[in-house]
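Alright, structures below, take your time with them.
Consider the two complexes below, in which subunit A is the common component and subunit B and subunit C are the respective partners.
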Partner chain A sequence: MRYRTGAIAKRLLFIPVAVFIVITLAFGLVNLTPGDPALVIAGDLASDEHVAEIRAELGTDKPLPQRYAAYVRELFTERSLGTSFFTKRPIWDEITQRFPDTLELVVLGLLGAVLYGSLLGTLSSYFRRRWPDTLSRTSVTITQSIPDFFMGLLLIYVIFYIIGWAPAPVGRIGLLDRPPDRVTGAVILDTLIARDWGLLKTAFHHAMLPVVTLALFYSSHFAKTSRAVLSRALNSDQVEFARACGLSELRVVGYAFREARTPVVTYIGILFAALFGGAAIVETVFAWGGLGQWAIDAMLKLDVPAIQGFILVVGLLTLLVYLLLDLIVVALDPRVSYE
Partner chain B sequence: MTAAAAPPTASLLEVTDLRVQFRSRRRTVHAVNGVSFAIDEGETVGLVGETGCGKSATVRAIIGLLKSPGRVTAGSVRLEGTDLVGLHPRQLRQIRGASIGFVPQNPFGALNPVLRIERQFRNVIRAHGRGRRAEIRSTALDMLDAVGIADPERVLRGYAHELSGGMAQRVVIALAMVLNPRLVVADEPTTGLDLTIQRQILDLIRDLAETEGRSMLLVTHDVGVVAQYCSRVLVMYAGQVVEAGPVRRVLTEPAHPYTEALLAAVPRRGERLVGAQGTVPTLLELPPGCFYYDRCQYRSDPRCATEAPSLREVGPGHWAAVHYDKGAGST
Partner chain C sequence: MSRARLVLARALPQRATEPSEGGRAGRALRALGKGALTHKGLTIGFVVILLILLAGFFAPLPHDPIQPNPESTLQSPDGEFWFGTDRFGFDVFSRVFASARLDLPIALAGTLLSIAVGIPLGLAASNKSRWSERIMRGLDMFQSFPLLVLAFAIVALTGNTLQNIIFAIALVNVPRFIRLVRSEALVLRESRFIEAATAIGASRTRVMLRHVMPNTMGIVLAQASLAAAHAIIVIAGLSFLGIGITPPDASWGVMIRVGSQNIATGQWWVSFFPGAMVFVTIVAFNMVADGVTRLIGRAED
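On to the complex of A and B.
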């Protein structure tokens, strides 16, 4: 146990370095790429003087090192991510406003993907080469070959337009519904807190298609991973001995599943971090109004502080998730240590 | 149909004409081809043969754990009169662990790597009935003590990877025998352990079997182990028992040429190492005559090539599947 805490401490020491790298990358990625936001803001017909004026106002006329210094200083002394070139609102406010929506979508979507994918993988490996395996592999092949935005559109077309089970893809709740009082910012949670059951139902109804889209699309990862790991585990000496001791099949599958636990948890962590940007297209299709949708918008408009802020926040979030992931893997498997 | 006619017997385990095939779309492997033997109460029987002779498949068929696509195509495995072949999986599960204990080859592979040893004992005991945590704990402690674990408390708290090879195998034996099975099936239980520990583990298994009057089927490819630990031996070749009998007699006066070759291959001090000639047939297509025909140095009888020999008694309790009495010329 002692050496494991030591390993964790070592892992934590790496964090400040990684944070610095993320901060620098966020700046570099945005400012080193070509494109002048002043031109976008000024429009095609603006005079050169006007563009120069805007540049001075935005601060993009200064040399790069100076801008980097200003950005880092602002970050640490004022704890500010700057203000948007367009809305003039603080980036931090823009992000915190949208973050809970994306979090809700990602958590629900991943939950669905893990449950559905692991179920497919388990059935597939337990009934290897029999019909449940064929069925599950067909499902995986289909869901992974349809791009997520197209799957979203397909679901909208079939389930909203033809069958009419889902509401129109207009966001978190209906256009005429009054949003719940903002407590956490996450609509479903807020309706729960407000005990507004009617609105909760509406919110779930609206969340259905985007969540199913993400769940179906990402379930293939979990299905393939768990099938591969479980197939091996179900053929292992460990499982044979468990069966030879007379353990029930349910328990035997449980033994095997423990082998699959680490890769599945690792996948959850990686996808969780990746989906904050990766769900952007699904958010756009369903007018979800989350972080990803906002970031795409900012990129199209060259809103430098917004893009910087987005990269920074998602980068730090990824660091945090990976750290948690490592801690969870250590906690789950007594054999793992970072020696 | 034969079930009703079968006479009552004192044997604990009775395997009759067992056949196992591994059938895939392209080919069929005949792994076990009509194996019959019995194990009496309190008896330790050795099962020897080279790799690929069907030892493992026979053992897996007995405990009902043949891996797909292997399956029993004919024959019966009677434990205390109950045929285990075709038994409902739930009933078979109740027998495994409780009536038949299985000691596998590789202890580290067998133990669950992420569960504490105590939890593994609990799972095994609760698979066959109820039990309070404290009771199970004391049963497990007693059992670990019985297999010679010095600090059972600590082992119970720990994980498999913290054990040495010999200790891990002791824990496996404890798990296999915790429910006091009447029959223990040990599949090469000392492969992968170093020599001094092999001896200790085999001594331990024998002592545990003897004190409780258990029967044991000890699978090995080591004739020396059979000589020391078994009372009777079955020699397997190409999925058949080619010779069976009391250990002393079979090892001193082998009646089957394969047994003879096996014994000649045992290394002896000061002598050149002799390897058995040839290899086991592929078992994809069974030859019409004796399976050992190609490797046999005594083949002379015309029946050898065309007719498979069946076991016949060549001495008291000593059976061999040969057409010819190879000692006939000298006696």
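On to the complex of A and C.
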């Protein structure tokens, strides 16, 4: 136990260094990449004065160390990520406003991916080399080879246009619906809090296709891991013993699945972190209006401070998620320790 | 299976003796060519990719892929426009094939660049030195960044030139090659033939370059095929968002983007055909990866 506490303490001590590196990378993204963002923003026909103006506004006219010092100072003393180049609103407000929407999409999408993927993987390993295995592996091969945005478009065409089960991809709720009072910022949660069941149904309806898209695309990770781990677990001595004791097959598979717990949790953590930015394309397809879609807009408009702020926030979030992941894995699996 | 393994085993020698003639890379390629004939999946995947690439450059296209015809917009597939036209009047069929000119070479170049960076770093990280520890720590930090979004941001900020897109793809794929080469090299360095090479007085660099590196090539090739498949998705994603390749240049992502505005009103063909092409290409790359993995006897199942 003392050994593990030491490892965790070491992991925690590493955090300040990591935070510092993330900040430096976010800074370097704008300031060290070849090319001048001011030139790209101004366009080909801009006059030299105009370019100089934009440089002054972005702060890229000052020498590098001075800029870096100013960036870090602003972060720590004013707790500010700067203001958007176009809307002039603080980046932090822009991000916190959209964060709950993305969180909701990522959580629901991952939930779907875990459930569907684990189901496929379990069927696959239980009926190894028989038709359910072939079927599930073929479907995994197909869903992981269709880019998520194309899958989203296919679903829109089939489920919205042809069958008509899903609403048009216009965002979280219908264009004419009145949004719920903002409490958490997450639409589904807010409708729950407001006890507006009609709107809750609408919100779920609108969330259906983007969630299914993410779930299908990312289920392959869970299907493959659970198949690999379960195939081994189902041949193990303890499963044989459980069967010999006369436990039902469902129970036996349930016990065997515990073995897949650690890799599945690891994948959840990694994908959770990756999806804050990674869901951006799916958000764009369904006009979800979350963090990712906002970041893509910022990239298209070359809103340099917004891009920088987004990278910084997502980088720090990833750090946090990985830290939690490490702690959870240590708690789940006593065999895991550091060094 | 066993025969193919033998063929490759001969091509990627696990011996301390020097090859008598010809480069090892050349022999490995020839052996792969032979092995491909015994593996259906590998052959099909390879041929499909080659056909798409060749069709992109040499196939006679029925219409000009980057010259729209404003009189025929959003036509459904028929005898004249086999895959229909989009809302600008571009012929979808011609553009689907012309896209291979940009998308495939960019994906391959990005993958090659990530291999070129990944192998030396991976080999260096497999040595027991201060540097290996630093490379791995640096990699941990780097990978805790959302790489895909970072790649998007870099292309957006530096401008969407071909070099920048290739660079972004290499960036996303480099970590997997470093890790792969390192873990392979760590296993290989324990083997007898490395011990023998060291015993006859080969320098550390020589052992690395002539004995360890050639033996990682098979698995690197399998991983490269997966990386190329991923690169295709990244390029399509970039272009779909409007950050990567831009119209009128033909790219599958650009075409899907144009069609996405019509799909909710039923004009499925504009997005569907380029999307299907992306799907076929990715499946083909995955088949090659699977085939190579089996060929070198590393398939798990």
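We take it that the second predicted complex is superposed on the first by the 322 of 339 C-alpha atoms of A that agree within 3 Å, B and C clash if a C-alpha of one lies under 4 Å from a C-alpha of the other, contacts with A are read in each partner's own complex, and residues count from 1 in each chain.
Heads up, the rule we're going with is that a contact is a pair of C-beta atoms (placed from the backbone, for glycine too) under 8 Å apart; a residue touches a chain by one contact, two chains touch by 3 or more.
Because the structure is a prediction, the values reported are computed rather than measured.
Engineer: Looking at the combined model built on subunit A, do subunit B and subunit C fit side by side or clash?
Structural biologist: fit
Engineer: Determine, under the contact definition given at the top, whether A:Trp197 touches first (subunit B), second (subunit C), both, or neither.
Structural biologist: Neither: A:Trp197 stays clear of subunit B and subunit C.
Engineer: Between subunit B and subunit C, point out the one touching more subunit A residues.
Structural biologist: So, of the two partners, C touches more residues of subunit A.
Engineer: Once the shared chain is lined up, is A:Leu29 touching subunit B (first), subunit C (second), both, or neither of them?
Structural biologist: second
Engineer: In the overlay, answer first, second, both or neither for which of subunit B and subunit C A:Phe76 touches.
Structural biologist: neither
Engineer: If you stack the two complexes on chain A, which partner ends up touching A:Trp165: first (subunit B), second (subunit C), both, or neither?
Structural biologist: After superposition on chain A, A:Trp165 lies in contact with neither partner.
Engineer: In the superposed arrangement, does A:Ala228 touch subunit B (first), subunit C (second), both or neither?
Structural biologist: A:Ala228: touches subunit C, not subunit B.
Engineer: Can you report the vertex angle at subunit A, computed from the C-alpha centres of the three chains with subunit B and subunit C as the arms, to the nearest 10 degrees?
Structural biologist: Roughly 80 degrees separate the directions to subunit B and subunit C.
Engineer: Should A:Ile296 be classified as contacting the first partner (subunit B), the second (subunit C), both, or neither?
Structural biologist: second
Engineer: Which holds for A:Phe150: it touches subunit B only (first), subunit C only (second), both, or neither?
Structural biologist: Second partner only.
Engineer: Give, as a whole number of angstrom, the minimum Cα separation of subunit B and subunit C in the superposed three-chain arrangement.
Structural biologist: Scanning every C-alpha pair, the shortest subunit B to subunit C distance is 14 Å.
Engineer: In the superposed arrangement, what residues of subunit A touch both subunit B and subunit C?
Structural biologist: Correct list for subunit A: none, the interfaces share no residue.
Engineer: Subunit B touches which residues of subunit A in the complex?
Structural biologist: For subunit A paired with subunit B, touching residues are 128, 235-238, 240-249, 251, 255, 258, 261, 332-335.
Engineer: Across the complex, what residues on subunit C touch subunit A?
Structural biologist: Result: residues 141, 144-146, 148-150, 152-154, 156-159, 229, 233, 236-237, 240-243, 256, 259-260, 263-266, 268, 271-272, 275, 278-279, 282-283, 286, 300 of subunit C touch subunit A.
Engineer: Taking the touch rule as given, give the residues of subunit B at its contact with subunit A in the complex, in rising order.
Structural biologist: Spelled out, the residues of subunit B in touch with subunit A are 63, 65, 67-68, 89, 93-98, 100, 102, 104-106, 109-115, 123-124, 127-128, 159, 161, 172, 175-176, 179.
Engineer: What residues on subunit A touch subunit C, complex-wise?
Structural biologist: Contacts found on subunit A: 18, 21-22, 25, 29-30, 33-35, 37, 40, 141, 145-147, 149-150, 153-154, 156-157, 160-161, 168-169, 228, 273-274, 276-278, 280-281, 284-285, 295-296, 299-300, 302, 304, 307, 310-311, 314-315, 318-319, 322.
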